[in-house]
Structures are given as structure tokens and as C-alpha cells.
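By letter and in written order, the chains are A, B, C, D, E and F; residue numbering begins at 1 in each of them.
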Amino acid sequence: MRPSGRAPDQMRELRFEPGFTKHAEGSCLVSFGDTRVLVTASLEERVPPFLRGKGQGWVTAEYGMLPRATHTRGSREAAKGKQSGRTQEIQRLIGRSLRAVVDLQKLGERQITVDCDVIQADGGTRTASISGAWVALRLAVDTLKLDVDPIMTQVAAVSCGIHGGQAVLDLDYVEDSSAGSDGNFVLTSDGNIVEAQVSAEGATFDDESLLRLLRLARIGCGEIFEGQRRAVGR
Amino acid sequence: MRPSGRAPDQMRELRFEPGFTKHAEGSCLVSFGDTRVLVTASLEERVPPFLRGKGQGWVTAEYGMLPRATHTRGSREAAKGKQSGRTQEIQRLIGRSLRAVVDLQKLGERQITVDCDVIQADGGTRTASISGAWVALRLAVDTLKLDVDPIMTQVAAVSCGIHGGQAVLDLDYVEDSSAGSDGNFVLTSDGNIVEAQVSAEGATFDDESLLRLLRLARIGCGEIFEGQRRAVGR
Amino acid sequence: MRPSGRAPDQMRELRFEPGFTKHAEGSCLVSFGDTRVLVTASLEERVPPFLRGKGQGWVTAEYGMLPRATHTRGSREAAKGKQSGRTQEIQRLIGRSLRAVVDLQKLGERQITVDCDVIQADGGTRTASISGAWVALRLAVDTLKLDVDPIMTQVAAVSCGIHGGQAVLDLDYVEDSSAGSDGNFVLTSDGNIVEAQVSAEGATFDDESLLRLLRLARIGCGEIFEGQRRAVGR
Amino acid sequence: MRPSGRAPDQMRELRFEPGFTKHAEGSCLVSFGDTRVLVTASLEERVPPFLRGKGQGWVTAEYGMLPRATHTRGSREAAKGKQSGRTQEIQRLIGRSLRAVVDLQKLGERQITVDCDVIQADGGTRTASISGAWVALRLAVDTLKLDVDPIMTQVAAVSCGIHGGQAVLDLDYVEDSSAGSDGNFVLTSDGNIVEAQVSAEGATFDDESLLRLLRLARIGCGEIFEGQRRAVGR
Amino acid sequence: MRPSGRAPDQMRELRFEPGFTKHAEGSCLVSFGDTRVLVTASLEERVPPFLRGKGQGWVTAEYGMLPRATHTRGSREAAKGKQSGRTQEIQRLIGRSLRAVVDLQKLGERQITVDCDVIQADGGTRTASISGAWVALRLAVDTLKLDVDPIMTQVAAVSCGIHGGQAVLDLDYVEDSSAGSDGNFVLTSDGNIVEAQVSAEGATFDDESLLRLLRLARIGCGEIFEGQRRAVGR
Amino acid sequence: MRPSGRAPDQMRELRFEPGFTKHAEGSCLVSFGDTRVLVTASLEERVPPFLRGKGQGWVTAEYGMLPRATHTRGSREAAKGKQSGRTQEIQRLIGRSLRAVVDLQKLGERQITVDCDVIQADGGTRTASISGAWVALRLAVDTLKLDVDPIMTQVAAVSCGIHGGQAVLDLDYVEDSSAGSDGNFVLTSDGNIVEAQVSAEGATFDDESLLRLLRLARIGCGEIFEGQRRAVGR
């Protein structure tokens, strides 16, 4: 039995609130249960220096957590003067995941910066971020009214792990902090894998576990893809 | 005529959503029109080193702005590795304002850290922060169920300025960026001033203007005090 | 009775020593009693990036305190690797105050950087800085021999506060550290206000106090304006 | 055909030179072909603050690359004043991998810091680091002559990827920079997985590819385990 | 002929103004011609962590240059967020030079921090700093009224160099920036050398030049020692 | 008797391994006994901003120490976020020493960056760095096949000191940490001095000692020059 009473392959309640803020070209407040992330996509008609004159665009991401998004207050990274290794790892993952489904040539010489700021954390902030980021990105690209669509497929992410010997989907904080091993899967809506990453946390795992987690991820992402489509009105 | 069509002494729509996040001892999403700030109050049973063993508590504040809270994306302070002078100035003001209405002896050896994070900016983020901070602080202190109340009065803040030759209350971004002079007033619910700060922005001003702005601030804060009381159920 | 024996509306001894250093286009060692600040104005025939090609100049300020300017040694900001919030707040105020009396169009595409370094501190370092900065600025602009004078009026600053229930002018360190509330007023020689900023420090205050402090500031700044004029030979 | 002429499941030449430096309790210069990493394990009889008094030890890792380890000189992280996100991601992975095979209780209140410094880079620096780190760790722990061995199994890592449509083992720089997708596998000598991480780089991938890469990783790690055993004389 | 018209073995005008600031236990404004450095010595009844409980004291130094001490304004190190290599090199030299003439055991568990801040620079700021630092140190130690004097001898420093083929003493900025080689000598009043450091700047030099510079340094330091004695009234 | 059993004027075993790494235009692993430094020279066809368009090149150096190059592990400068004063002092010295023997006009608009990374430290890391740097520089310049040779002479460095009352050559760590005074001499192969720097460490010294150390340095550098020539095949 999971602490939350959910079935092993049951996601938490998903919610996408598109257009949560008014200034950003695309925005979305995404909730995976009590995990809530505000995502904005900012569009600029210029590219970073390393891409100038190459006829292609760029998509990048930044991630942050409000100090009291967590059970006990964490220190503010701006006040400490640097981003933690965890923060950098997550924002690199988000950027990679989005670029995997965007044709940068078709985007043209533009940069889209996706900011994922965790308002409330209860496990799975990086997967919620990626899933919400696609919605914000989609909305921002829609404002361009381009002839060819630079977004190739949807992308979504979900965490899975071995908790109490059982493979479970979409871990919340309680499960996450006591899982033997857990991972994050980033999948595309046409059935491919963008990123699969599973780590032992106290207990190593075998090939079968890896496959079982991947199967759960496919179930979860299917549900997320549907939510994303409803959120962007497609 | 003000750009927004408001009367000179008319506040924007005020909204306080107490309990916006679940982990913080006190929290509030405060809106002054389109300016929206998420405030959390975090309670810790310890004091900073300079107060250890002195039998009193401490209240402090931190302030931040999400990168895309503004019209164009600003760079993330955590990524730049330092807080701007503006950020530091604002968080010092918020802390001072709250401490002015808290009896630190009665609070006991506890620290309350108030985080004000601007979700969406449209002028007056510091005054919305102070006004919402009081609500979060009140809710956090209420969880302590103390015999004597360390909070002496309410505190609220509002901006006023000379715009188009006219003294106006609660400037939005459009007014703020073209005001001849503007200021922020932090007032207590028993009629006193905690902070009065007025600056020339392009046009210096005279004593009468200072007094007129202060009168407007009294009107605005009166309205805010009422909203705060409803938000905390008093 | 004030700790120093001064009358409530009595300034400390003022001294301006223009030309204190030889390299700067303008310089001044300003003393408000034992508070001594070395101010230099550095003129450059270029403007910061955000003003390039706009046909106007810029005036900005930096502030610092020598480590042993104070009773006990403070740590060196260059060694700590960052400027405190207080330092940044002060240097922003000095810059704003100077720009309020300079016509940046008439200055032309030039930048003047005013450095205020506190040699010895005894309260009122920011007001002494502003008052001395005008002298350094005036001297630096004089070297340009421009046809039209970009400096519109004099600007001076003084602190006032409620100490022992009494409104007093130009607080020294002893008064400053025990005042119920205090503030800084930046005034122009043609009778206007550039900045009025009063904060409660332990005791909130009322409208009458604010006005009384402003009246004292007018007396103090009158005296400073005279000292400035003598210093620049006008 | 691979650029290097290797068979798809062929590792580059492996070399472990234990005891490469004299001060460290354990050290090893590990080579995966032209990729060369100097690993040292430093033993201290104290633990980090968060573990004090908990009766257990800690293993952590740091990673760096000499500026000219690469084809063109990269800037020195110490000079830039911060470690890149990539550096932090890698050193977190190395630490996690080592801790997965160490019984921290049996290690006792000691800390082992493993430094992995890349002398020459030709792809696969993180997997060479992990593989060499186990040797340095083993040698350092041997100096303790403990009754019970805190090291549970060997741990090794290797990269695999899809290059030119073919799954290949142990990518060198040329393959790495043109692979459609690639990943790193960290395996234990008793057949379990510590970390599996595969990312799309330009081309997403399917479940079969993931399994094929895992199979290749088992082949490569088998060879590494043998090299490690020879290096530590077991 | 030297640019300044001085004889090769002629110092610039020396001036020591002891007691220049009121808060420091010892202070001195030292001038070597137009080079002016404000030195303060701050006494604290505690030692740095690495010396705790060892029954000895410590003397350390910090060095800074006001932004407009030089011909053109340099950027403020506190604003840049770090001290330059030059600054650090100089403050390490000052600290070493002072410790060479202090018996740290006799000083007892105290720390003296000497701050050298360059008000105006015209060559030789490090040698003026060391020479003035001894005066501030002497005055600070005198306030302790110790039974045994921890200061063993005087220490002074002067620069020498080969300019226009001629060995000259106490280089000013003009000479310094065009010297073929130059150096700094730190000598004690009992005839010994604390530090001798000569560098080629464009032209390497021979043994005889080294000796000639050392002889000049002895002449210069003799004069400085006399000035120091007068300044401290001995 | 020296701790190592060496004669007073005896160098440690010298070794230069040119071409130690494959990417750099020039490289060398230099050993002075147990002190081992990896030096690489990186050639770029561009100059730093301050030299653009001046028709000359630049040579600069960076220095680092691997965390466990020393007896006990030192913290990683990249992780601390800044280079120590010692590191900066050393890298400035290396750069100056190399530039003293290079005709920057003849080098043309190119920059050579020499990286000296200490693999193992046993005293004399800066002198080994300079001596090895010349080899790497020579090899890098050779790849240019220029008509005129920009390298004017060889440059080498060695440490000398007064240990146990005796002047000794090429101090190892044991001697270095207990020497009364020690210094570093940078000499050219045509008999001139680039830098002479001797510091008292506990005991001041006299003119004769300075000369004796210089004589020893000439002996040591003679041996180094020969080793350098063999290493570069001249």
C-alpha cells in the first residue's frame, strides 16, 4: 500500500492552469498533486552569442525553488550567491528535454527561455517542470503564428521508483525520501524516450526493475500528454 | 485623468488569499491590481547569532522577483550570483516595517523569516509585499497560541506620487514610470508612521506635496487594514 | 540637552576642503564634525552602454567606508567580495540626489562618477557624502568650461531625528544609535525637496514630527549651501 | 565501422596505474584510451557537520578538468570563480556511485574525499573517473586495516551510445560528439545497476535501444572490473 | 637627470601624520611625495582560529586603493566582488614585513590588523604602506602599556630601480612606469633585510645592479627610520 | 647536513618529460625531485583586448594545485570560488618570467597561455613551474615555424634559502618549512637576472647571505638550462 493510498500505477491529480501570468508569452501553473510549479516561457528575437548568424533558434531553461516551497525553509540561492549543483542539474535536464522536441531551424533566430519556479514542493518538481514547460512553450510559440510548426511532438516527464519493494509511479515526497531507487523518464508523445535516468538510493536494482519503471512511465506520461493537450486547446 | 481611469485617491483592487501554500506557518498571496506577491512566514525556534541568549526574537524579510514577473524578462539573481541593490533595499524596508509593530521580547527566542516573491509586477511590489507580509506574519504568530500577543498593531504600505501634476494613490507601472516624484508610506493601524520616503524622479517637490501624498497614503492604508483584518478573520 | 551640548537646531562644525586630491577632476574632503568623507568626481568622455547615442550624460556614485572608519573595525567589503545592502542603498541615494540637480542633456555624452569614501564615521556619513559630492561635482564640471551650465541648483543633505522626545538636527553617532526615529532630507538650494526619508527606529511617529524634522532640515541645509558656495568660490 | 576501427562492443585500452602520487592514501591514474584521469582518495578522521555523532562515515567526490585537457583550452574554473553545472553534475554522480557500494556504518566516523582530475580528455571522463575512483578508494580503505570491509562490491562505469545507427560501447570524443543518443551506466560487480542514464542528443530512442545499451555496458564493465582487481592486487 | 629633478639617491619628501583618525588604536597618514596612504592599526583581544590557545598573537594587513587615487579611475574592488592579484600580493608583503619585527609571543593573544588605504598614488604605494604601518603599529602597541616590548626593531621599505640606465631611489609614477627593472626592499633598523625583491621590467639585470639597488635602499630606509622615530616621539 | 642528505649546492633530480599530453601545442611534465608539475602551452591566434591591433603578442600563465598534491588535502579553489593570494602571486610571477625572454613583437598577434598544474608538491612548485614552462613554450613556438625566433634566451628558476645557518639550493618541503629565510631566483641563460626575491621567514638576513643565495641559484639554473635543452632537442 502506498502512503497516499494510490495504486502503484496511479498518478497524483494533474492540473495545468495556462496563462497564469500576464506578461509572459506563454505561462502555466502546473500541479502534480501538492507539487506546484509556475512556468513561464519568454520569447526574444535574438539568440545567444554562440548561435549568432547560424539561422537557428535556441530553447533554454532555468529552475528555482521559492525558499519556503519545502517543509522547512531553504536558503535563497540569490542570497547565497550561487545555484546549487541540484538546481543546475535540473535546469540542464529541462532545457535538453525541450530542445529534443523543437526543430531549432524552424524556430528561426529566436530564443525561448523557460523559467520553472517551484511554488510548493511535494516530490517530482523536475518532472512537473518539464511537463508544464511544454505547455508554456506551446503557448509562446503559438503567438508567433509561424507557417511551419517548430514543435515536433509533445514531451512529458514523470518519476518512478521502487518503494517498499514495489515499482510505483509519480512519487510524492514521502515515497521519494524512502525509495530504494528512483528515476525520471522524459518521453515524447510519439512513443520515444528523451531521457531515462534511474539511480540507486540505498539499494541497487536489476534490469527487470528498469523495464518495469519504464512501463510505468509510459502510463503516467500518457495521462500527462492528455492534460497538456486540453491545456493548450488541441 | 489617470491612465487606469481611477480617481486620484482610488486604490487598485485589493485581494488577500491567506493560506496560499501549505508548508509555511503563515502565507498569503496578495494582489494590488495586477501586482501579485506570494508571501510566506517561516517560524523557527532559534534566533540569529547576534541575539542568542538575549531573550528576544527576530523578524526579518527577503524579497525576490521571478524573472518573468515583469514586461520583459529580467535575469535571475541566483544565476547572476548576487542580489541587486534594489532587492536589498526593499528587503531591508520590509524587515524594518514588520519589526516596528512586533514586540520582540514578547515573541520570545524565535525567528520569523518573511519571504516576499513577486509573481507578477505592475508597480508597488514593495508596498504589496509589506501589506501581505503582515497577514502571513499574523497567521504564523497565531499558530504559536501565545498568552501575550507580540504583534502590537497592523502595518500596511502604499505608494503615492505626483503624476501629471496631480497627487495620486497606489501607482501602477504606467504611472510609476512617468511620475515626477513618488514615495512609499508605511503606516500603522493606530495612526502612526513607520516610514515615509519620497523621491524626486525628474521633478523635485515642495512641502505641500509631501503632505498631500501622506494624506493619500492614510486613505489607502485604511482600506488595506480592512482587507488584512478580513483575511486573518479578525 | 543633546549629548554633544548642541542646541536642537545646531549643526556640527562644517568643513569643505576642495581639491584634497590631485588626480580627480573634482575633489573635496567634507567634515560634519568628526564625520569625514573624501569625495572625488571623475569625469569620463563616454557614457554607460544604456545611454550610448542618446545625446545625454550620466552621473553616478559609489560609496565605501574604510574598515577602521568606525569605533570597531568592520570587515573590508572588497575582501568579503560583496557590498552590503546598506552600502548599495546609500550609493543609490547619492546618485539619485545628484542627478536631480543636473541637466543630463546639457552635460552631453559624459559620465561623472562620484566616489564617497568615509575616512572617519560619527553619524551622518550619507548626508555628508551628498553635501560634499556637490562640491566635487561642481569643480569637475567647471573644468569643462561649458557654455551652458548643466548644474541647475545646489543640493545638500542632512539628517534629523527624534532624540529623547525632541526633534534634533544633524545627529552624531551617539544620538543616531539611540534615536526613536530619524531620517534624511535632501534639499535643493531653490527650496525644493529631492528626497525625504524618515524611519521609525523603535518608536513610530506622527505627521507633526515629520514636518518638524523637515523644518530642521531646511535650517541645516541652508548652512550647508553657504559652505558649499564658499568652497567652490561662488 | 567506428571511427577508431573498434568493434561495436570493444572497449578502448584500459590502464590503471595505482599509487601514481605519493601523498594520497589511495591514488590511481586511469586511462580509457586517450582519456586520462588522476584520481586520489583522501582519508580524514572526521565527518561533515550533518553526520557528526551518527556513527557513520561519508564518501564524497570532486571533479575537475585541467584547462588544456581538451582540444581547445577551456577557462579555469578557479579563475572564473565557479564550477560549471556539468562539473557539479559529474561530481554528484561520482559520489553517489561510490556510496552505493560502501557500507557507511562499517566505514566508521571517517570521510573519504575522492578527487578526479582530468589530465587529458577524449570522451568518457566521468566513467573513467568512477572506474578509477574505485581503485583509489579500495587502496585508501586498505590502509585502515579494518576488521570488517566497508566496501561491498566493485563499481565501474562505462558510456554507450547509438552512433551511426549502431549501439557502441565506450564512446571516444569523435563518437560522443556525433552520437544520436548516449548514456552512462554505473554497475556493480555483483550484477546490479547503480545508475542508468541515457539522453537523446538529436535523436530520441526506443526501449530496445535502451536494453541494447545496457547489454553493452555489462560487457564493458566486466572488463573494467578485471582491470580494477589486477590494479589492487586481488 | 631624473624627471623630478631629484638626485639618484634622493628620496621624495617624507611626511608622517600620526593620529590622523580618532577611532583606531594607532593611525598615520604617510606621504612619500604625492603618494599618500592612510594607515590604521586595529587592536583586538582575540586571535584568528588557527592560533587559538597557542599563547601568541598575530599581525596581519589589508591594502586597498581608493578608486580615484590614480590618474584615471580604477574600478572599486568591493563592487567587482574581488581583490586583484596585485592587491593580495601587496597585503601579504605588508603583513610579512611587520611580523618580521614583532615577537608574537610577547604580543600575547591579540591580533593587530593594519589597514593601508591609498588616498593618492604616485608610485611606491606598497613601500609607503609598510613604512607608515610601522608607525601605526608602534602607536597601537603603545596603548597596551606592556612590560616587555613585542616590537623588536623598526621596519621600513623603499623602492629602487634602474631608470635610464641609472640606479635611482624611491621611484615616482613616471619613473616606475618606464624603469627597465625595479624592486622593493624591506629593511630593519638594525641593518638586516626582511625582503628583497627585484624584477626585470623590459630589461633583465646583473648582480652589480642588484647590489647597487640594495645600497640605495639602505640610504632611503635610513631617512625613513628617522621620520618614523620623530612621528612616534622616540 | 641537509635532511635529504644532499650537498648544499646539489639540486634534486631533474626530469623533463616533453609532450606529456596530446592536445596542447607544447607540454611538459617537469619534476624537481618529488615535486611534479604538468605544464601546457596553449597557442591562440588572437590577443587579449588591451593589445588588439598593436601588432604584438602576449604570454600569460595560470597556476593551480590539485587538491591532494600536498600532504593533507587542500580545498579546491574552483569549489571555494576564488584563487588564493598565493596562487595569484605565483601565476603573475610565471607570466612575468616568461615575458622577460620573449620578444612579443616577433611573436606577432598571438597569445600563449601556459598552465602549470601541480600534480605533486614537495617544495619549489613555482620554480619547477617556470623551468618547465620554458620547455612547453619552446615546443609551442616551434610549431609556428616562424622565420625569426621570438624566444630570446632560456629562462629557469630555482629556490635557495638559509637552512640551519647554511645556504642551500633547491629546498624541498622539509627544508622550506623550517628555513630562516628563502627566496626564488629567475635567471636567463645569458647570465642575467629576471627576478630575485628573498624573504625572511623568522630570521632576517644580511647582504652576504643575499649574494650567497644568488651564487647558488646560478649553479642550479645552469643545471636546469641543460635539462631544458635536452628536453627540446637543442
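As a convention for this text, contacts are C-beta pairs under 8 Å (C-beta built on N, C-alpha and C of every residue); 3 or more make two chains touch, one makes a residue touch a chain.
Keep in mind the model is a prediction, meaning the values are calculated, not measured.
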What are the chains that subunit C and subunit F both touch?
E
Hop across touching chains from subunit B and tell me the fewest hops that reach subunit D.
2
Compare the CA centroid of subunit E with every other chain's and tell me the farthest one.
A
Of the pairs given as E-F, A-D or A-B, which one copies C-E, with over half of its contacts the same by residue number?
A-B
Averaged over CA atoms, how far is the centre of subunit A from the centre of subunit E? Could you give it in whole Å?
59
Approximate Å spacing (C-alpha centroids) for the pair subunit B, subunit C
27
Out of subunit B, which residues touch more than one other chain, so two or more?
81-83
For a quick check of the interface rule, what order do the chains take around the ring, beginning at subunit E and passing next to subunit F?
E, F, D, A, B, C
In the complex, subunit F touches subunit D at residues 21-24, 27, 34, 38, 40, 42, 44, 62, 64, 66-73, 76-79, 81-83, 87, 113, 115, 117, 119-121
Enumerate the contact residues on subunit D facing subunit A in the complex.
82, 84-86, 88-89, 91-92, 96, 100, 183, 188, 191-200, 204-207, 209-211, 214
